[in-house]
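What follows is a pair of complexes built around chain A, which joins chain B in one and chain C in the other.
What follows is the complex of A and B.
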């Protein structure tokens, strides 16, 4: 599929929206493991405009991180993309060679990983780690390097950056390490930032400060951001749009406010009702029944939520359903919403 | 609900102190002069950021560590006087039990769910009769919603939610009066978290057991707890009815904490954040408020006089010049 077709399948094409910075269409990915083929992503279509913040939410195992890794071409060796396209700024990400990908990783597309401590090199000063990125991607040399690295630290509001430049990761707090990772990711001013649970394991106060920082930097530089999180309330607070994933499907995409207040997919509604933030009492919380289906099952139903769904009909298990647009920006993968 | 007399505290924490020697003339004040009560059947939330001493405090209360000062009055005995090493075999070991943060790390991988729960009955209750043990383990499993046929499984054969249930059943086995829950839902997915919280609320109502609920998920504390204790760098900065503290926090730190709870309605709004890093807990200035330096309201006097908690409303105490 060429980039043109992607624009056509985007419901916003009619509204004369420019081509997205990142356009993913019908992406399917499976893991070929010894215990069988795991269908980790199926028919995932998402797009991201310049400067936009898209939240990807779902339970663990829903495929959020698999999706992010696929975008960067850093999937596990057992992963195989079986269908679909992904175009970033005119470049075919899935057909690109490792060499081409290496040129855009860190420069055009950056990623902030979970667990800041394990993503940093423990035996290298953080300042030097930032210099490594600058040397590789921004062709900065000599004296300027140190200055630029300290500048990067300053930009993520690390107090006393010249001193922290000399620090090893173990000398810094978790929140501080996360800031270093953000500094690393933003060192070359990427146009797309993928943040995979950037605040998991951090305190709420630190979480809020880190999210404020990401959003501010995103706005300042018109950087598109893909925020992967299991925290729907957080995604709704900081993102423009939200994509809800369940068992490898994107079940709902829409503006953050619409998804939160008028969810159309039964899973989204359950996800909202099960989070403590919306509930007035413990009794009012509604757990999501059942668990994710076994993605190895040779015959997964077209709707992978059907076994957990209170509105299940025969059709859900027999008839394949694409994402149904509710309006220009909101689409849902559910027969009930389609009716 | 079993209506225990809430006027006589079950546990009275009095000027409790836990200092660690970290070098010559260097003392880390993990828990510094903390006092609060837990009434029978009451749920108290303990919140604060990592490093504030909440885990150390809960370990001292559970008698897994010895305090360096203060008293722990449990009903009519001072538990602080019993060294932790001996307390492990004390007859009262069973009255305070703990549910640990990560069920993966806290369950013996070579014990089945049955063994884990039965061990607690043998060691802490002194139960010997196999049939009696079996009946009690099955009763406990039913209470926590763990299907009896899963009792023969090992931890790696159980899901995260099921492991959490085993951890809760194990802690409940010796019929504790106080259950310390250290982030019991932090490792669980949202879908499972709701069921475990509902289970905890139901067990509390059925058994009348008091909870000390350590968490940094403030929404969970708001829903599950009657009262909340807010810690900052070894000190309690605010304590009061949970609903009131979350609706109208009085201490600037609590305000920053509450403002940091993810809230879709706060979209685009700039909230007051606690800027910067906490002070060092090593040899803290005994006169200065620990929050000074990060506090948006800090004034010179905050560095000169450290206030004790004072009552600002019934059962609501705050340690701040501006409360």
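What follows is the complex of A and C.
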């Protein structure tokens, strides 16, 4: 059954309110480590519609990747989901068995990793690696398999795909490996693509080419995409909506243009101000003071940004703060915006 | 793995070529030995005991007048058979246990690692002696004993190599493509640890031959009048003092050559199966 048919048989679809393809509500996740409990995600709520591009932005350690891994059920053994729900296309992701998850991984949901070189098996021909995915999820066999694999390579615009099919990862450049990974991720036409910093380690021109490719393929197939990046400018350029994460909280969600031009959360504003531009001098850069709070602390303030915030009030450290809606699509987790 | 690649590896490393040729010769001897040997290896000729090497008996004759050249050739099959079966058994069992232990960890890892430690705590040759003595003096038991004492080496190499790869990006990616653990082990982990394992296999073949010969030398496993390099060296050892050097020297030299050949082959084998070497 294709994902479309599932959506159409959903009673809510008939009521003209399409349910989100991915709906995450109040998700909290912690790592139980020897040195204490790390509350890596707290009350994360995000939704993603079919064909939509959502950028998840934040500095290292803000919980972006942890969130993506939790969606796919491949979190570290120490990770424990304490609250919340995640529903993908009518399926409860958090309650699903490993077997059920294996069925959707690679077929319905797939992922592009940040390091193209290490994400490919070093001693297996790239063509065979694509065939592995096809064999696992699509009913393709024999000679068709090879053709489909070459077809996948062609779609991500790899020159001379029939020859590249025979190549080993070490024979290809970083950008080429990233294209192979994209081909792998898209081989079974998933309805949700999670791209975890897909352009890290690539030069700027390749970066743009890869991003253009992802966006184009996403639009072409009405594929929802979760783009995880630390580059706010890039997210704003390619995404429909942006979610800004800080220390395990989603501090601001809104359409890309609104978040970029009218940020409501102090952290978002500082993040935009700290993005370097070509004309800037090093001295003109405005780094965000302080660093992420220690998520192992016994009592974290309700607003985890408060220690770094220039607008901090007493209220920030005492009262629990829900996400404050600014308008239908824009919401912020800050007392200042609520006022 | 194609012919072109094979040629390339040989050109890069001529010593490997030499080792492969030598190995091929030994294999031919093992298969066609009985056709090549000029005399019956067990046929004693009381009239010509301990004759030095001559045009008729290239390696001379032993105390029973048996042709040493024929016996050395015939013994190839037995010695290679023992070494190959022993190495095969320990490679298959050791690498699968090691792979699984390194990948999953947990109780399997703890139990198998302690078993390997226990085996390695013994002087290995003494352990092999003990096993053969306890199980009974047969060729089969020599094979099992040799396999058991080699097991820890495969388990350790496989465990370490699988362990460093279990969180590698491509393993995570394979998991995200919907693969079950067993398939990841078989398709992604195992082929990746094969190159270092191949070096181990080749070195181990040498040890296995030495081990089998060593056991026969002290009278365990293969028994006279069977032709076997270790026994022949043992029989010849008594004659060295009295000047009949050829009885021990020729089987010993062939034994050394076989071990040498396997040691040289290790790197070449790895280069052959590792695609990263094809540049």
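In this text, the second predicted complex is superposed on the first by the 315 of 339 C-alpha atoms of A that agree within 3 Å, B and C clash if a C-alpha of one lies under 4 Å from a C-alpha of the other, contacts with A are read in each partner's own complex, and residues count from 1 in each chain.
Here, a contact is a pair of C-beta atoms (placed from the backbone, for glycine too) under 8 Å apart; a residue touches a chain by one contact, two chains touch by 3 or more.
Here the structure is a predicted model, which means the values were calculated and not measured.
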Fit-or-clash call for chain B and chain C when the two complexes are aligned on chain A: fit
Which of chain B and chain C A:208 touches, first, second, both or neither: first
Contacts of A:137 with chain B and chain C, given as first, second, both or neither: second
Which of chain B and chain C A:276 touches, first, second, both or neither: first
Touched partner set for A:236, first chain B, second chain C, both or neither: first
Partner, of chain C and chain B, that touches more residues belonging to chain A: B
Which of chain B and chain C A:102 touches, first, second, both or neither: second
Which of chain B and chain C A:90 touches, first, second, both or neither: neither
Which superposed partner A:115 touches (first chain B, second chain C, both, neither): second
Which of chain B and chain C A:168 touches, first, second, both or neither: second
CA minimum distance (chain B, chain C), superposed complexes, angstrom: 11
Chain B/chain C common contact set on chain A: none
Residues of chain A defined as touching chain C within the complex: 72, 74, 102-107, 110-111, 113, 115, 117-124, 132-133, 136-137, 168, 170, 181, 184
Sites on chain B touched by chain A in the complex: 49-51, 159, 189-195, 197-198, 201, 216-220, 222-224, 256-257, 259-264, 266-267, 270-271, 273-277
Residues on chain C engaged by chain A in the complex (per definition of touch): 168-170, 172-180, 187-188, 191-192, 195, 274-276
Parts of chain A lying in touch with chain B, wherever the complex brings them together: 59-60, 159, 173-176, 203-209, 212, 230-234, 236-238, 256-257, 260, 270-271, 274-277, 279, 281-283, 285-288, 291
